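Listed below are the structures to be examined.
There are two complexes below, and they share subunit A, which is joined by subunit B in the first and by subunit C in the second.
Showing the complex of A and B:
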């Protein structure tokens, strides 16, 4: 066992080393080969502006470009953005941070051979920010500050904001903001891209065998010269975790980009040794427990607070991180961001004390005061093992320790979403907040009363007011302080909804896969133009 | 009115029955049906486990003990622990409750409804029989697991819905077998006599026909027990049955089979053995009941 642990540690160190020493790894990329990778979710449609799942991003993102993107060589840095179809550096805001001018590259071509211009970028941004009625745009709210998108000339674009905000540039770098051709939108309408692909990305779409695979070939006219290194890509659909693990083990696939649980990492390292490289990272994704404020007794803040006080997050982190893709104890902001609460700040919040006995005693007192001792919770959970069912089983145990009785309803994803979003017939539900580009000011909107994805059916007026102030603040120090106040309101004083544990990303992959660097989100760095095979 | 010889035979039979002590009958049964007795032993053991679960183990089947997660079998945890540090032996013992609850409820309700439907179908005949049998044909066209999955997908997971999902496919199966026996009984003169005496249809069905089709009913019932346990385990394994933290064998298997097959194989092995043994036991016992009650097989 010791020997195995030592091997694992060495492999992890090697993996981390390879990941960190990008310059060394990328020194002499080899050309050619096809990257086979497994994807654990289905493709609902090809339209990035509409979809929110990695099931679409992983197979489809390589066919598209975005205006700017997270630096592929430094994806762990939440503030390092580079131009994709724009030229030079990402522009700084002018006129007090309310005007951004982008120079568009002149060498970008759509896969059908037509030239890409600023008009295409404008048409795309208009579709995302100001979609016509009935056209879904999943991230429209991220661009609340945008007033207009204007074309200055064929290769220059200006975006004007109503007020300066630090969340604009990160929102622009979202990997879902695929650039579509204006002529396609004009000729075929706004739903054409749900079933058709015409991008400017590093790979050209070849075929999609539904339920089986998506295939792409190298785009020879790709605007980042010399890239991509691969001849092609093949995204293989494999909903079962065991199938994905065995695909890598048997070298039918080289990598899975979402992440594996720790036990599977250990099994792969044990079986394949140096043939496997492990990259690990904190993940901008968190499981939440959302009480339904419209159902008794959860309309009472004391009962909601008891729910969070019962949870031993520090103990859970220590043990659950061995069996599930969760690890880090944190507040509302991605734990590695400078806006995130540090440990001493966390310890002041309800449910984050390391003295779990005292917390649970307080929870039981609150329940007694509220007349809610021994109440039964109708707990809704999603039928996905990692990490939903594991965290759900752990939460049930935690709540039982303060006297709640818990009846769990585990449902497949469509029914779970229907319960969460439409029926709303739950007492407490597992919920999540998974984002791509780390953008704390945008990421924490989930707790706002008006947020479309706040499923608690409640909120807190004081927190809403704090957020408005935060949105208009241009000073990082002030922003951090406001976030702390907001966090205290939503997690403690008003107990709107609760953070359980932040996810932890573990990507074991074949060591011959080079150039890909783990990011704090499974949505990021998936264009694959920098990946090559050392075979 | 009975004649003298009949009375003598009956009293001889009673005397004979009374004279034989229980243990003699018991051991004779074991000698005649050793496999059935073994099956019966497993069934009895399961029932005892389910009834006396609290006395058999000191651990709580649902309480997490994360510091003991994935412990291999040792002096404290005889069968090891699962990913939440729960004692596997305890969860298997308590899991017998879930298995028996689902098994017996589905088998008894399914077989009994099938019995009533089958006898009624045979007794009334005509259009009623035709319609009932076509419905039975439709339901029986689906494999058991597919039909159960469809019902659970509609109703949602959970013990209660699993019981409904498993019971529904059992009804037509039993109805079809019982009907074929009841058709023969319907032609026996005492049914005509009962009808001539003005007895109601309900009375004729329940008092005169149902008791005479008890043999196929009991055979079906015992065979359903094992099937129901296996189906419950299958549905739970697929995540559509009993939900955490309820101890259930299929659920335990599901939790351990994929993720810990290599690093902690005991998590999946023990519930797998429990399911196999239970189904094996009920099937042996059911076969033995069939052999005893079926006159054709009894004469061999």
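Showing the complex of A and C:
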């Protein structure tokens, strides 16, 4: 046991070193080799503009570039963006933050050998922001502020906004915004990219054996000179967690980019010692509990508030983080962002006090006042262990402590979604909010009355008004203050829905994998142009 | 015989129509659809208009009877349609997995036959001896042990043993390579699931071989053969075994058909990209079209397997005639 603890400590130290300082990553990368990695989900189509799953991002992202991206050498910083196919620094807004001019690199080539220009970037952004009728674009709503995309010349592009917003640049850095060739869109139509790949990314597509693997080779004309370091990549589909863990242990794969539960990290470290490095990070993904405002007694704010008051988040974090992929106590914003509530701000919110006895006494009083003591909750949960079923079981225990009786319904994903989105026949449901690039202003829309993914069937007019103000604010200090007010409304005063715990990302990988740094999202830093193998 | 085969083939039509109706409506009784899962299932913001557009593009917004007629029309024009998840033709998606499933089924059947027939014969011939007891314990263990569990034990065993022996754990490859491209890599991946499933499969067949052979060995014609002074080996191999194999062939054939589409859990344990895994993924993704066509494929496999068994019966026992 001592030996194991020591190994775990060594690996954690190495991992933290890799993640924070980047010292190893910067030490003379070696060229060559193929990175085998496992992906726990399947590819729907190759079209990044249409899809939302990491099952597509992990194998396909390395074939594409984006206009800007999260800094691959500093992905933990939620506000550090760098140019990918643009030149110089990411532009600051002109004309009061409503005009952004991008200079486009002249050395970017598509894998079919044709030159990439500003016309390709415009065609791509137009497809995402203003898709023709009948063409899906999953993130069109992220660009509501964009008025137009204009080509100034072959290597310069201007994007004009209707109003200044802090959510524009993070939205532009989304890893799904693959740059497509205008000629491909013109010649083959807007659905061609669902089944074909012609990008400008660090790797060129070789083959996709459906359901098994995707293979790519180094792009020799890649615009970030000297990169990629790898000769090739192979993304192997492995839906079962046990297979992915064993694959890393047996060196059939070097890494899995989504994240493992703590137990599997410990197993790998125990089995492989120094051959495994562990990188860990808070995850821009939060597990929530959403009450149905249209069902009695949850139409009563006192009952909803009692639900959140009953939850011992600080205690839960301590114990659940040992068995599940959740850890950090937080509010509506990703905990490591400057807009996030600090501990003293959190402690002021209902359900965040460290005095759980007092919170639960207040909950009991509210329930008594509302005449809802001993009510039964029809609790809908998703049939996935990590972290849904584990956190769900914990929530049941928490609510029982204030007198609720809980009847849990665990359903497979499609049926769970049908309950959540269509049938809406639940009292309280497990819910979640997972985003890629940290974009607090966009990420917190889930609580708005009009939000398509607010499944509470309710909302708060005051919170909606605060959000409108926030959207149009260009000042970071003001934005932070407005978010605090918004957070108080949605989590406390109106108790629209509740945050349980933020997810925690754990990536154990073979120690010979260098250069890759953990990001706060499993969607980010997946172009793999900075990864190398120390073999 | 040819008349019989033609009749059996014609009987396929109502069976296929019946199963089509059954699977079509049964699938649609389950709440949820592929678009909800695809766009909202990741927890990212899902625009309701995008979900509606996806449903429109896949025809899921049409009334149920229109969808059903469209589904049946596909058979008339020999177009099985596209996967609702990947957008690629169903035929293409199935064909790339069919090869792997067929190979595993053949290998597992070979393993099962190689174990079951000799052990079943020995167990019957040496009835109630210590050899019989060992064989019976071995086969009962095979029936009791799920093949996926044996698969997990095999993988963990290999990881632990190879690490202890060579310092670096080894496990079978998890990505498929066709046998003609790299036979060593192919077999090093597929031999283990073949052994895991073949063992369970052999256990049933061993028990069946033993009991069928014991029954045949008590027949009058066997006694007559012994009275004539024939060697025991000749009696068993030439006279008894052929008759005893009739029920064994049935078991083996049904198991073979089952392996073609039903190796669901074992395929996941070994990360095999076969029809069983595709089945699970399609059901999980609410990919109605793919699931429907896979069910049809399994129905066809069972029909043809049963037909083959019937024909094989006639070869094993010349007294059987289908005219």
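Here is the rule we use: the second predicted complex is superposed on the first by the 530 of 535 C-alpha atoms of A that agree within 3 Å, B and C clash if a C-alpha of one lies under 4 Å from a C-alpha of the other, contacts with A are read in each partner's own complex, and residues count from 1 in each chain.
The criterion applied here is as follows: contacts are C-beta pairs under 8 Å (C-beta built on N, C-alpha and C of every residue); 3 or more make two chains touch, one makes a residue touch a chain.
Computed from a prediction, not measured in an experiment: that's the story for all the values here.
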Exercise. Should the pairing of subunit B and subunit C on subunit A count as a clash or a fit in the superposition?
Worked result: fit
Exercise. So, A:264: does it touch subunit B (first), subunit C (second), both, or neither?
Worked result: first
Exercise. Once the shared chain is lined up, is A:415 touching subunit B (first), subunit C (second), both, or neither of them?
Worked result: both
Exercise. If you stack the two complexes on chain A, which partner ends up touching A:194: first (subunit B), second (subunit C), both, or neither?
Worked result: second
Exercise. Should A:79 be classified as contacting the first partner (subunit B), the second (subunit C), both, or neither?
Worked result: neither
For this session: Applying the touch criterion given at the start, work out whether A:242 contacts subunit B, subunit C, both or neither, answering first, second, both or neither.
Result: both
Exercise. What is the contact status of A:148 with respect to subunit B (first) and subunit C (second): first, second, both, or neither?
Worked result: neither
For this session: Go through the superposed model and pick first if A:42 touches only subunit B, second if only subunit C, both, or neither.
Result: second
Exercise. More subunit A residues touched by subunit B or by subunit C?
Worked result: C
Exercise. Given the touch rule stated above, what does A:211 touch, subunit B (first), subunit C (second), both, or neither?
Worked result: second
Problem set entry | First (subunit B), second (subunit C), both or neither touched by A:320 | first
Exercise. After the two structures are laid over each other on chain A, how near do the C-alpha atoms of subunit B and subunit C get, in Å?
Worked result: 5
Exercise. Considering each complex separately, which residues of subunit A are in contact with subunit B in the first and with subunit C in the second?
Worked result: 240, 242, 415
Seminar exercise, completed: As the complex stands, subunit B meets subunit A at residues 62-64, 66-67, 69-70, 83-85, 156-158, 239, 243-245, 258-260, 262-263
Exercise. Taking the complex as given, what residues does subunit C use to touch subunit A?
Worked result: 30-34, 36-48, 50, 53-54, 56-57, 85-88, 92-93, 96-97, 152, 155-156, 158-159, 163, 168-171, 173-176, 268-271, 273, 277-278, 281, 284-286
Exercise. Subunit B touches which residues of subunit A in the complex?
Worked result: 240-242, 261, 263-264, 266-267, 270, 315-316, 318-320, 322-323, 383, 385, 389-390, 392-394, 396-397, 400, 408-411, 415
Exercise. Where on subunit A does subunit C make contact in their complex?
Worked result: 38, 42-45, 51-54, 134, 136-142, 194-195, 209-213, 234, 236-240, 242-243, 246-247, 249-253, 271-272, 285, 412-419, 421-423, 432-436, 442, 445-446, 451-453
